[in-house]
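Naming follows writing order (A, B, C, D, E, F, G and H), and every chain is counted from residue 1.
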Amino acid sequence: MGKTFQKPQALSDTPTHYCPGCTHGVIHRLIAEVIDEMGIRGKMVGIAPVGCAVLAYNYFTFDFQEAAHGRAPAMATGIKRVRPDLMVFTYQGDGDLASIGMGEIIHAANRGEKFTTIFVNNAVYGMTGGQMAPTTMPNQRTTTSPMGRNVAEVGMPIKVAELIASLQTPAYITRQTVIKPKYIVKAKKAIRQAFEYQLAGKCYSFVEVVSTCPTNWGLTPLEAVKWAETTMLPYYELGDKKVPD
Amino acid sequence: MGKTFQKPQALSDTPTHYCPGCTHGVIHRLIAEVIDEMGIRGKMVGIAPVGCAVLAYNYFTFDFQEAAHGRAPAMATGIKRVRPDLMVFTYQGDGDLASIGMGEIIHAANRGEKFTTIFVNNAVYGMTGGQMAPTTMPNQRTTTSPMGRNVAEVGMPIKVAELIASLQTPAYITRQTVIKPKYIVKAKKAIRQAFEYQLAGKCYSFVEVVSTCPTNWGLTPLEAVKWAETTMLPYYELGDKKVPD
Amino acid sequence: MQHEVMFAGFGGQGILLSAKLLAHAGMEQGYEVGWVPSYGPEMRGGTAYCTVVIADRPIGSPIIRNPKHLVAMNRPSLEKFAPVVKPGGVILINKSLISIGSNRSDVDEIAVSVNEIAQEAGSIRSANIVALAAFAARSGIVDLEILRRCIQEEFEAKPKLIPINMKAFDEGVKAARIS
Amino acid sequence: MQHEVMFAGFGGQGILLSAKLLAHAGMEQGYEVGWVPSYGPEMRGGTAYCTVVIADRPIGSPIIRNPKHLVAMNRPSLEKFAPVVKPGGVILINKSLISIGSNRSDVDEIAVSVNEIAQEAGSIRSANIVALAAFAARSGIVDLEILRRCIQEEFEAKPKLIPINMKAFDEGVKAARIS
Amino acid sequence: MSYRYTIDVDRCKGCGLCVAVCPKHVLEIASELNAKGYFPAYQARPQDCVHCSTCCIMCPDVAISIVELAEETV
Amino acid sequence: MSYRYTIDVDRCKGCGLCVAVCPKHVLEIASELNAKGYFPAYQARPQDCVHCSTCCIMCPDVAISIVELAEETV
Amino acid sequence: MKKVLMKGNEAIGEAAIRAGCLNYFAYPITPQSEVAEYLSKRMPEVGGVFLQGESEVAVGYMIFGAAACGARVFTTSSSPGISLMSEAISYIAGAECPAVFVNIMRGGPGLGGILPSQGDYLQSTKGGGHGDYRMLVMAPASVQEAAEMVMQAFPLAEKYRNPVMILGDGLIGQMMEPVMFPDHLRSEPSNKDAWATNGMDTRKSDKRNLVKSLYLDPNVLNSQNLKLKAKYEQMKREEIRFESYNTEVPYQALIVSYGTMSRVCKTAIENLKEKGIEVGLIRPQTLFPFPEMAIRQACDRPECRVVLSIEMSMGQMLEDVERSVQGKKPVEWYGKCGGEVPTPEEVMDVVRSFLKQYGKE
Amino acid sequence: MKKVLMKGNEAIGEAAIRAGCLNYFAYPITPQSEVAEYLSKRMPEVGGVFLQGESEVAVGYMIFGAAACGARVFTTSSSPGISLMSEAISYIAGAECPAVFVNIMRGGPGLGGILPSQGDYLQSTKGGGHGDYRMLVMAPASVQEAAEMVMQAFPLAEKYRNPVMILGDGLIGQMMEPVMFPDHLRSEPSNKDAWATNGMDTRKSDKRNLVKSLYLDPNVLNSQNLKLKAKYEQMKREEIRFESYNTEVPYQALIVSYGTMSRVCKTAIENLKEKGIEVGLIRPQTLFPFPEMAIRQACDRPECRVVLSIEMSMGQMLEDVERSVQGKKPVEWYGKCGGEVPTPEEVMDVVRSFLKQYGKE
C-alpha cells in the first residue's frame, strides 16, 4: 500500500536558495505540514531571522515579519502581547539565537511568552560564510576558528535546549533532528506539539533542530548528515527537556 | 579574648551614598578585606555597574572602570584578554546582570573568562526607584508591578546562579548572603575562593549575594533582613552550585 | 505677579508633597503654576529641594536660582538657600531642627517648631503640612481655604489621615499668626 | 591603456581565483590593477562573476558595466554578459557547458572545451586555469610567463597541485593557439 | 492502485539524500546538469519503487511528489 | 588586654543592624540626629561589650572599629 | 476636560492612552521611569498592554513586532536607552511601520548625568541608526505641549508609516504643570490591512502581508530608499512647526532655541525688552523637519545683526541654524550641557556681549 | 616593502597589525567578515588577541574595557552592527579612551542589503550615540588608502583619547588592489599610565586610575563636555584632510564626493574633460572634521556655477556641503543608495543636466 506526497499549501512554489542538502528545507516543510494539518494558516505570523533563513518568508504562504539579527523573540513578544489570538513562531539559527540573541530568547522563555521557537542548530554561522557559533563543536574548524574550536579559549558549545529548560517558568522544550527520515517524523510531531501548546495558550514552546550546513562544514550532503549524527548527536542529545504539567 | 576590627586598606574613607541598612556596604567591605588579605590591590581592576553601586569606585582604593548598564562582563572580557595578569571583578545588580546584561554574563561565563563576578541580588531595581527585576519574587510589589509580580504574566524569578551553573564550561558558581553575621563570614570565604580561582587562571567565578533594598522594599533595615531570610532564601538556596574539578 | 517658593529639607521630610499642594492650590485659584523637583539617584539623607512657581502670566523659565520665599525644614538647607532668597520674601524655619536664624534683615523670617506641632496634631509625618500651612498663612500667596481643600483631596485615598492633617494645617496656620 | 575582463560562471567553478591570478600577473607586470567580485549571501548554483581591471594609469571607477573582455564558464553567464562586451574584445566560451555562441560579429570569440581539457590535464577542478590560460593567450594583455609564475606561486601551499595546473595552463594556451 | 511519481528536475539540487535513504535503491543521480547547474536525481529502477515516500520525506527541496491515480487513468 | 571601641557617629546611618546582632545587647540608637540627619548607634552598656566584633561584621557602613591598646596606655 | 496638575512623565503616559494607544513596552531609566510606573497602573485599568522589557534593545523590537502587526504602540526612554534602540529604529523606518518613541534626554555622552540636557539633537534628527532614514522629531516646551505632541504623534506616525520621536529634556519629564488633554486630538488607529501582518483571517484576505527591510536587489533597495526620501521631503512640505516670539518688532538679534531652553530665552527676551533691547525668537517645534525657511527669512530682517543658537548641547542645532542662515548673518552658539539649565540672566549677558561684538561700527 | 595584491578587508586587518595594534574583537557581518577571518589566523601568529564576541553590543564594550586598561584595540563591523555599538562609542568618547572602529558600510536602513553604500555618513559624523561627542571619521577611496588610514587611526585616537572611525563602503572591503604597508606609519602605543586602569603595580604608582563617564554634578559634566568640545575644535584645526582634483583649471561645476563614489567621479571628470567640460572635485578624506573652508573657497571661483554633492546616500553629506557653501552657489545632490555604484556615465549626465539648468542666461 503506497503513500502519496505533495507540497503543503503553507509552502510556496518558490524554489529555496538553500544549498544542496541543506536541511533548512526539510524544517520549512515540516512547519508547513503542521500548519496545514492544524488549519491555522490564516492566524499565522512567522518571524524570519537574519541568517540563511532570512528569506524564509519567500517559501511560506502566510504573514511574515523579518527580524533583526537575534531579536525575533522580542518581535514575537510584541505581537503576542498585543494580539494573543495570532499564532506566532520564530525561526532562528544558532548564531542568531544563541549568540547575539541570547538575552532575548532567555527572557522570552522566562516570561513564558506564548509563541513557538524553531531553533536550527547547524553548529556554524551559515549565511556569513561559516564563522564559529556558540554551538560549534570542540575542535571543529570554522572560518574564525581555523585551528578548530579551542574550548580552553572560548568554552564549550552551548546546549541551548538544556539551558532554557533550566528556567523555572513552565514551558515545552525539546531537541530533535532532521538528518534521517525516522528523525524527521519525530521532529514533525514535536513541532505539532509545540504549536498545540501555543494554540491552547499553555506556555512557551521551543524546538531545537540539529541540522546540517554541508557548505560551511566543507562536506557533501551525505557526509554532512553522517557528521551530524556521529559528532553532534552524542553531545546534543535528542528528546524532550521539559514539558509543562 | 576580644577581636579587633578596622576598615581594610582597599576601602576608601569616603562614606557611602547607600541607604541605611543597605547591604551593598557589607559586600564592598568583604571584597576589600579579601583583596587586603591576598595582597593584590596593585593588580586589581574593578568594574562598577550601572545601578546603586555605580559609584562603587568612590569606595575602593584601586583602579576602576565604570561600565554601561549590563555590560560589565564584556568590559572585563576586554581587560582579561589583553591583560590576563590583572585581577578583575565585575560588581553587578540584578537589573544590570539578569535583565539587560543576560547575554553578556552567559557568554562570558560560557567562554570561561578568567574574571570574577559579584552579583548583588536584591530582587529589585534600586537606583531607578524600585522597578521590577527578573529576580523579583512572586507577588512582590514594585513600582512597575503595583499589584505584585504576576508570574502568569511575566514568569518566575530567574535563579541566575543555577542558570549559569547549567552551562558546560567549568566554573565556580555559588550563592551567598550577607543578611546576618554568620552568613557574612561564609560569603567572605566564597569571595576569597572566587579570587583564588581567578589568580590561578583556573576558571570563571561567580558569587551571587542575596542582599537587601530596604528603601524600595518599603521596609526598615531590620524588616528587610527578615524579609530576605523568610521570602528570598527559601527560593534562592544558598551554597555552591558548581565547582571546577 | 510671580512668586517662587523653595521647599528644602532631608529626603523623607515630605518636601515634594507640600510643594505640590501649594502648586495645586495655586492652579485651583486660576494661576499659572510650575513644580520643579530636585531629582537624582537614590541617595538617602541628602538634601532634597523643590521649587514652586505661581504667576498670573505664562511662566518662562521654571528654573529658579533666587526664589522669593524659602521653607527650610533642616539646617543644611537653611544654610544653603537663605542667602539666595530675594529681599522681601518669607523664610520659614523649622525651629525643631534648626537652632540658627537666616541672619537676613531684608526678609520676613518666621520660625515654627514644626515637628512638635505635628506630633501634637497626631503624627510627626504631618510636619510638612504644618510647615506648608504656616508658610501659606504668612506669605498669603494662596487662599488658605483652597489650600485646605487641596490637602483634603490629596488624602482622599487614606481617609484616616485627613483629620490629622487638617489639625496639622490649622495648627500651622495658628503658629504663623502668633509667631 | 585599460583592459576590463569579466569572469563569469557557476559558483564553485573557480571564477574568483582565475580573475585574481590575472590581476596578480598584471600587478607583477607593473600595471595598476583592480579585482572586484560579486558578493552576496550564500546562494549556491547562482551565477558568480568577477571583474578585473588592468591599466597603465590609476584606475578610477572599478565598477564596470561594459567590460572589454568576457570569460564565460557557463551558459547563463554568456547569455547575461555577451551583449554588454565592448566591440573588439575577446569572448572566451567554455564549449564543454555552452552549446551556443555569443552571436556577436564585432568581437573575437573563442570556444574551448575547458572541462575536457582539464580532465585530461588531471582534474576537472583546474578548468578555471585552462580558461584563464586560453584567454590570456588570445587576448595577450599579460605576459604568459609572468602569469604562469603567479599560478605556481598560488599553489605553493599545495605542491602536488602544481603539475596538474601547469599542464592545464599549457593546454589552455595551446587550445587558444589552435582554435 | 497506482501512483504518479515525479521528481521536479529543476527543483532538484542533486544533494543525493533521497538516493541514500531509498530502501529499494531506486534512485540515482543523473549525469547531465539541470538549468540551475546541478545533476538531478532520477528513478533508475522505477519498477522497484514501492511508493513508501521516504525520499519525499527526506528531500529538503520538496522536489519529489507522489500522487495517486484514479483507476480508470491506468 | 584592652580595646578601644569606636562608633564613627557621622558614618553611622542608624540602620540598627548592629543593635540587633549584638549578643550582649550593648548597643542602642541615640535620640539626637547626627550631621547627616540620622540617629546613630552608641554603646549604651559599654561594660558588657566582649569585643566579639559581631557588630563590626554586620555594619554596612564600616562605622565601628575596635583597636587593641598597648598595655601601658591603660 | 478639566485641568489637572501632572508630572510631565505621567502626562505623556496619559496622553498616549487618550490618543488611543493602549500598547506600551519600556525599560526603566531616569529621568523618565515615571512613565512606566504610571502606565503599569493605568494600562490594566483601560485593558491595555504594559510590559517591562529586558532591555532597550529588546523593547525596540517589541515595538517593531507590535507595530508590524498593526497595533498602535509606543515606548519611552532616555539618551543611553535610545542609543540601544537605534538599530531597531532604523529597521522600523526601513520596514515602514508607524511607532512613537519618547526620549526624555539626560546629560551625556556615556552615562553622563541624569539632569536635563538636549545633547541628543543630532542623534534624533540625523539618524542615530544606520542608513537613509529620518524620524519626525517634535520638541515640547511644556507639559501641556508634551501631552499634545504625544497625541499628535500617533496619526503622524501612521500617515507616514515612519517612527516619530518626541524629544523632551529631563525637566519636561520631571516638572509638574497644569495639563488638559484635548479630546479633539483623540484619533482612531488607521486601517493597516494593506500592509500589516495581522493575520490573513483578521483581514479576511488570502493575500499574505510581509514586513521586511531586506532588499537584495540593489535597484529595488534604491527605489525603496527613494520612496523613503520622498516621504521625508513631504514632511518638509507639510509638517514643519515653529513658534515665533517677539518677531513683530525690529529685533537686533534672533535666537533659535527649543524645549526648556526656549522658555528661559523667552524670560530673557522679556527682561531685555524692559532694558530696551529687542530680541526675536524662533522656537522649532519640529526639529526634523527643521524650520529652515522661517529662520532664513527671520534673520534677513535688516536690524538683525546676529543669530544665536542657544541649546543645552555643545553646538548641535547650530549646524542646522548655519545651514538655514546661509551666511546671511553671523551665527553664534551658546549653551551648556551637563544638567544645569542656563538662567535668563546668563542668556541676557550672552545676547548683550554678542550684540556688542557685532555692533555697528 | 613590496606591493601585495590584497582584499580591502584583509589589508585593513594587516594594517592594524603593522600599526602595532595586536588586539581585535569583532562579530561577523557581511561585507567585512574577512577581517575577522584573516585576523583569526594572523593574531595568533603575532601573539595578538583575536576574540569573536557574542554581539556587536558586547564587542563595543570589550573594546572599551581593553582600551580603558591601556591596550591598543580595534574592531570592524558594518552598518547594523555599528548601530548596536553606538551606546558603547558614546561611552568611550565620554570616558576619553582611544579606540578604532572600522565601518564597511552596506545598504540600509534596517537589514537593507549587503552591497556598497554610504548611508551611514550622518550616523558616523553626527554621532550615532547620545550626547555631545564626535568621532574623527576617515573615508578611504582605495585599498591602499584604507591600509594607510587604519595605520594613522591609532596614533590619532591616542592623541585625542577619542574613538576614530574608518568609514569605507562594501567595495573598499571586497575589492582587491595592490597595497604597500608604509613602515613609517608604524607607531608605538603611547604611554597611558596617566589615566589607564592598567593596575597600580604596572605603573608603579599608588595613585589609582578611574575610567568613567558619569558626572552627577552638572557643572563638572558641563566642563567635561566643554573639554570634549575643545578636542573637536582642535581636530577641526589640525586634522582636516581632503584631495582636490582638477581644481587648477577653471571649472564650471564642483563635485564633492568621497570613497568609492569619488573614484567614479574622477573617471567622469576625465571623460567630461575630453568633451571640453571642466569639473572640479573636492574629495573629503576626513568627514569629521569636514573640509568646510576648502569647499567654500573652491565654490567661490567665478566660473563655478553649481556644487554637486554626489553620494551613495540620499543627501546626507549634502547638509555639510550646504553648510560649507553658505549660499554662495546653488547646491545640488545626486546619489543612489542600494548597492549599485553609479557609473561614470550617470555622473556625466547628471553634471551636464545641472550645468544646463544653471547655464548662464
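The working rule: contacts are C-beta pairs under 8 Å (C-beta built on N, C-alpha and C of every residue); 3 or more make two chains touch, one makes a residue touch a chain.
On a predicted model such as this, the values are computed, not experimentally measured, just so you know.
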Shortest path length from chain D to chain E (each step joins two touching chains): 1
Touch-network distance, chain D to chain G, counted in steps: 2
Most distant chain from chain G, judged by the mean position of its C-alpha atoms: E
Distance between chain centroids, defined by C-alpha means - chain C, chain H (Å): 56
Whole-Å separation of chain centres (CA-atom averages), chain E against chain G: 60
Rounded Å distance between chain C and chain E, as computed from the means of their C-alpha atoms: 87
Separation of mean Cα positions, chain G and chain C [Å, integer]: 35
Of all residues in chain F, the ones touching two or more other chains: 13, 38
Touching two or more other chains - residues of chain D: 40-41, 44-45
Contacts with two or more other chains, residues of chain H listed in rising order: 30, 51, 54-55, 57, 80, 87, 91, 95, 110-111, 114-115, 212-214, 216
Contacting residues of chain B [partner chain A, same complex]: 99-103, 106-107, 110-112, 134, 151-159, 162-163, 166-169
Chain C-touching residues of chain F, taken from the complex the two chains share: 13, 33, 36-38
Sites on chain F touched by chain B in the complex: 1, 3, 10-11, 13-17, 20-21, 38, 50-54, 56-62, 64-68
Touching residues (chain side chain C, partner chain F) in the complex: 10, 44-45, 74, 97
Footprint of chain H on chain G - complex, ascending: 57, 79-80, 82-84, 86-87, 90-95, 105, 107-115, 117, 119-120, 122-123, 126-133, 212-226, 228-229, 313-316, 319, 322-323, 326-328, 336-340
